[in-house]
Amino acid sequence: MNITLPSKNRTAMCDYVLQMADSNLILAQRLCEWCGHGPILEQDIALSNIGLDLLGATRSLYQYAAQLQNENKTEDDLAFLRGERDFRNFLICELPKGDFGFTVVRQFLFEAYQLLLLEALQQSSDTHLAAIAEKSHKEALYHYKWSAEWVIRLGDGTEESKRRVQESIDDIWTYTGEFFIATEWEQELIAAGAIPDFRTFANAWKEKVAEVFNEATLTMPPADVFMQKGGKNGVHTEHLGFLLAEMQYMQRQFPGEEW
Amino acid sequence: MNITLPSKNRTAMCDYVLQMADSNLILAQRLCEWCGHGPILEQDIALSNIGLDLLGATRSLYQYAAQLQNENKTEDDLAFLRGERDFRNFLICELPKGDFGFTVVRQFLFEAYQLLLLEALQQSSDTHLAAIAEKSHKEALYHYKWSAEWVIRLGDGTEESKRRVQESIDDIWTYTGEFFIATEWEQELIAAGAIPDFRTFANAWKEKVAEVFNEATLTMPPADVFMQKGGKNGVHTEHLGFLLAEMQYMQRQFPGEEW
Amino acid sequence: MSPQINFEEQFQAKVDAEIKIEPKDWMPDAYRKTLIRQISQHAHSEIVGMLPEGNWLTRAPSLKRKATLLAKIQDEAGHGLYLYSACETLGITRLQTIEDLLSGKAKYSSIFNYPSLSWADMGAIGWLVDGAAIMNQVALCRTSYGPYARAMVRICKEESFHQRQGYEIMMVLSKGSAAQKEMAQDALNRWWWPALMMFGPTDSESSNTEQSMKWKIKRHTNDELRQKFIDASIPQVNYLGLTVPDKDLKWNEERGHYDFGEIDWEEFWNVVKGNGICNKARLKARREAHEQGAWVREAAAAYAEKRASRVNEKVA
Amino acid sequence: MSPQINFEEQFQAKVDAEIKIEPKDWMPDAYRKTLIRQISQHAHSEIVGMLPEGNWLTRAPSLKRKATLLAKIQDEAGHGLYLYSACETLGITRLQTIEDLLSGKAKYSSIFNYPSLSWADMGAIGWLVDGAAIMNQVALCRTSYGPYARAMVRICKEESFHQRQGYEIMMVLSKGSAAQKEMAQDALNRWWWPALMMFGPTDSESSNTEQSMKWKIKRHTNDELRQKFIDASIPQVNYLGLTVPDKDLKWNEERGHYDFGEIDWEEFWNVVKGNGICNKARLKARREAHEQGAWVREAAAAYAEKRASRVNEKVA
């Protein structure tokens, strides 16, 4: 393949692409858990749709990371043979699926961020990453729309649905801070102009979210909520280990086979 | 170690010892899931106690199986590096832990069988197996007593506890048939007099169980309930795969290390 | 002659002339009931059939396989949707249909009460289970009831794709390591007989066949389709270098078909009666999805109502 | 002089003379309250402390380690039992104590709000967390309240055993493969500072120290114990061939102690306030255990009552 690799910041870019891939994969894995168990057949299908988009992006990103690494690894090596401390996904992606409301809220908060990020990433000087971002951005628009509609439906639905979805928001909120803080390698890439400065997205994100919460008659948590971090540096919640044990079992049991 | 190995039927005996070890291990794994989550602190401790006894027996049995196999394997190789279709445990052992009543009923039905089996196995011509059985029999007496008392307490407790524990009995019953059917290698061992003919235990087991159910004001399922089988031949429920993925993950991820 | 009899004759004449019966057409009550039973059973099978495959989604051995499997199961949900819709044209709501499943009143294909125990089962299910289903479904593309026939056309296209994917999984495994080949053989051993049972009891034991044939709801007998399936599958088995678990299987030159061993009908009826290893688990999974989803459906309904009344207020 | 003052003087005289205070003895209200707070907090810590270790029970890498870990966690449950009993001698029931935990009114050691992320954490927790706890507990074996002091004697014996086991896990890992050594170093990196924080705020910021010292509930200040722990641990770290994540750490010949870097007290207070990554999960796990166990406790009580009344009937 004839693609433009960034001449410098290659290691940092590889870390960043892995972080994106990991977040997509772990969230897709959580969506897979819904397949066959959704509350409404049409929504079962919608969750699978989103999962499929995320898996598609995961594969493109790992393939690109493998190229940047240049260590002769495959997308599956990166997905199935790295340990928990190597995974850089946002903590929000690894939280257990919870009820349908929890899944919807998590997706909505994630996609609201993805929309901003992917739009900006399309301008990246790294043309390969820009091309992946362009495709993902189209998909994220659909995911965002779907999840926002459900946030509104559940928030402005019954008393029970409002209570449930508000509780989910309050539980998840603490994991949204990670979107807007930069690791060392991200700072390097931002300084080099290779990726957008996503630290500046916080306000636009909040506005996007507030608009939907407002229509949903839901309350946005206060600004001083403590924010968790660690995922991008490989320090996770206790949930990720179990997810990886299940996800990686086949590759660990039968190393080096074709499937 | 200077032990008496059976001169013939060695392969069959190895299979049988593996079956005993697997059943102990898988059930212990389920009991581990209770640790820190029991309904009463004293019962949390009791479940750990039983789990520890089962793990102790597991280790003795795998060590013995490894000797019989004579392929230079360790107890951990047998526990952590065999696949799902190699595991011979009774299906009853792999069922998810359920509520406390389910765990109690499963343990009770299993231990009522173990008591009969281990008592008879102490007379085995295989002196090593007889010695393991002697130690386990003492422990099974305690497990049996503990679980029988709880069956009675829950059966003759509140309306809710009676309903729950009766439902658990009705759910589990179909998995008790495996205790009393012999695989090919078991038939070989029975014919050779190496192990007791456990097929004849069914009546004594039922009497033991009926006595406790009676005191607990619980109903024994009808005699014509369909009985599941497969575990001893390595054909399991869909639960075992997930259990093994979690249990074996470390050994699969880091093969050949000391811990 | 009463007009009733006229209707019935006209109806049968249309069927005989291969003219499709449409929802608003007159149809015999028994025809309607038979169709509702058959289509809803088919719909439930698609939905329950998501579970044994869903069991391996989180453990699929490669990203590509994970995505393909997810897409496949999603297709099955889609098939469920088409079929519930076809059923609704006969005057029964989706909710009622689903409640009949959950109460145990309606059946689904017994094959899904067998457990999926290894990755190779994803191959065997696609190849054999979907393959057996297609044998039935291809015939149903020409079934007399229009909406059912049209749903079948769409479904058949996707199912053939699934079958090829399943066979391809088996192919990779059977050319892989010893462990992989063993996994493939084991899956074939476990799914072969249940797949043959999918065609239902032998014709001599099958109760509904004659009437269904006359109404062209059914176009081939169980035994015909079973034989066709075996004849098509054995060369595929041979190509994989695997063997079916049937010592009586051999080519019969005279008949121009494979002869095969006795099917264990006791096992078949046991699983139908609810004694399969997964019957309880499958229904439990469906019930839990339904019950745990109740608040979501209520919220959606409440929101739709609020919205409608707001629109009305604005209009008024 | 009022008799009240006499009691108080007598009480303090006993404490000063190292005579144990027993449940039926007079004691100042504040002494009782301080003890209830401290002992129940200690009991809750044992119980909540089961969770981060329980997190690795089903994944322990060998059968021996699985059994040892299960036995260790079981000991912690036992410690919880001794301490709830000691608390009960002060006039508060176990149920009330537990409800205070579940409502968030009572605290437990903040260390358990950190996640256990690898098998090496089972080593680091035993070695460092139990090690830090022992520093406190050894002193508490001579605390002025009899039942508490006696519970501590039993607990200390077992805790030293756990600490050795934890260190031995670290030893095996640090002599193992590169991946294992990395795992050990990573665990040390993550647990070192939280372990130092277990001794509580520096003396200048600690509110209750003076009164507790006078009552001999406490026998050393936080900073004294922390220094003692560091001095004892560093040679152990060196022996493992690992390093602590503190660039300011060095031996101070003059003081005869190790100097160490600034503790991040903002993190400490954040975790105390509930912002640790596991605070919610820990309380949720305990609440669920309690709620899901309610029917069991009710059944046991109902059965005990029935049995008692049956015995009475027979007697009557």
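Letters A, B, C and D mark the chains as written, and numbering starts fresh at 1 in each.
Following the convention adopted for this analysis, a contact is a pair of C-beta atoms (placed from the backbone, for glycine too) under 8 Å apart; a residue touches a chain by one contact, two chains touch by 3 or more.
Here the structure is a predicted model, which means the values were calculated and not measured.
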**OP:** Using the contact definition stated above, find the chains touching both chain A and chain C.
**Re:** B
**OP:** Please identify which chain has its centre, taken as the mean of its CA atoms, farthest from the centre of chain B.
**Re:** A
Original post:
Just how far, in Å, is the C-alpha centre of chain D from the one of chain C?
Top reply: 58
Subject >> chain A and chain D: spacing of chain centres that average the CA atoms, whole Å >> reply: 38
Original post:
Rounded to the nearest whole Å, what is the centre-to-centre distance of chain A and chain B, using the mean of the C-alpha atoms as each centre?
Top reply: 43
Original post:
Residue numbers in chain A touching 2 or more other chains?
Top reply: 83, 245-246, 249
Original post:
Residues of chain D touching 2+ other chains?
Top reply: 59, 179
**OP:** Treating touching as the only link between chains, describe the layout with one word: line, ring, star, complete or other.
**Re:** other
Original post:
Okay, what are all the chain pairs that touch?
Top reply: A-B, A-C, A-D, B-C, B-D
Original post:
Which residues of chain B touch chain A in their complex?
Top reply: 83, 242, 244-246, 248-249, 252-253
**OP:** Write out the stretch or stretches of chain A touching chain C in their complex.
**Re:** 25, 29, 32-33, 35-45, 48-49, 51-52, 55-56, 58-59, 62, 75-76, 79-80, 99-101, 152-154, 156-158, 160-161, 164, 246-247, 249-251, 254, 257-259
**OP:** Going by the contact rule at the top, pick out the chain D residues touching chain B in the complex.
**Re:** 47, 50-51, 54, 57-67, 70-71, 73-74, 77-78, 80-81, 84, 119, 169, 172-173, 176-177, 179-180, 285, 288-290, 292-300, 302-303, 306
Subject >> chain D to chain A touching residues, read off their complex >> reply: 52, 55, 59, 115-118, 179, 186, 190, 270, 273, 275, 277-278, 280-281
Original post:
Residues of chain B touching chain C in their complex?
Top reply: 83-85, 171, 174, 226, 228, 230, 235-238, 241, 245
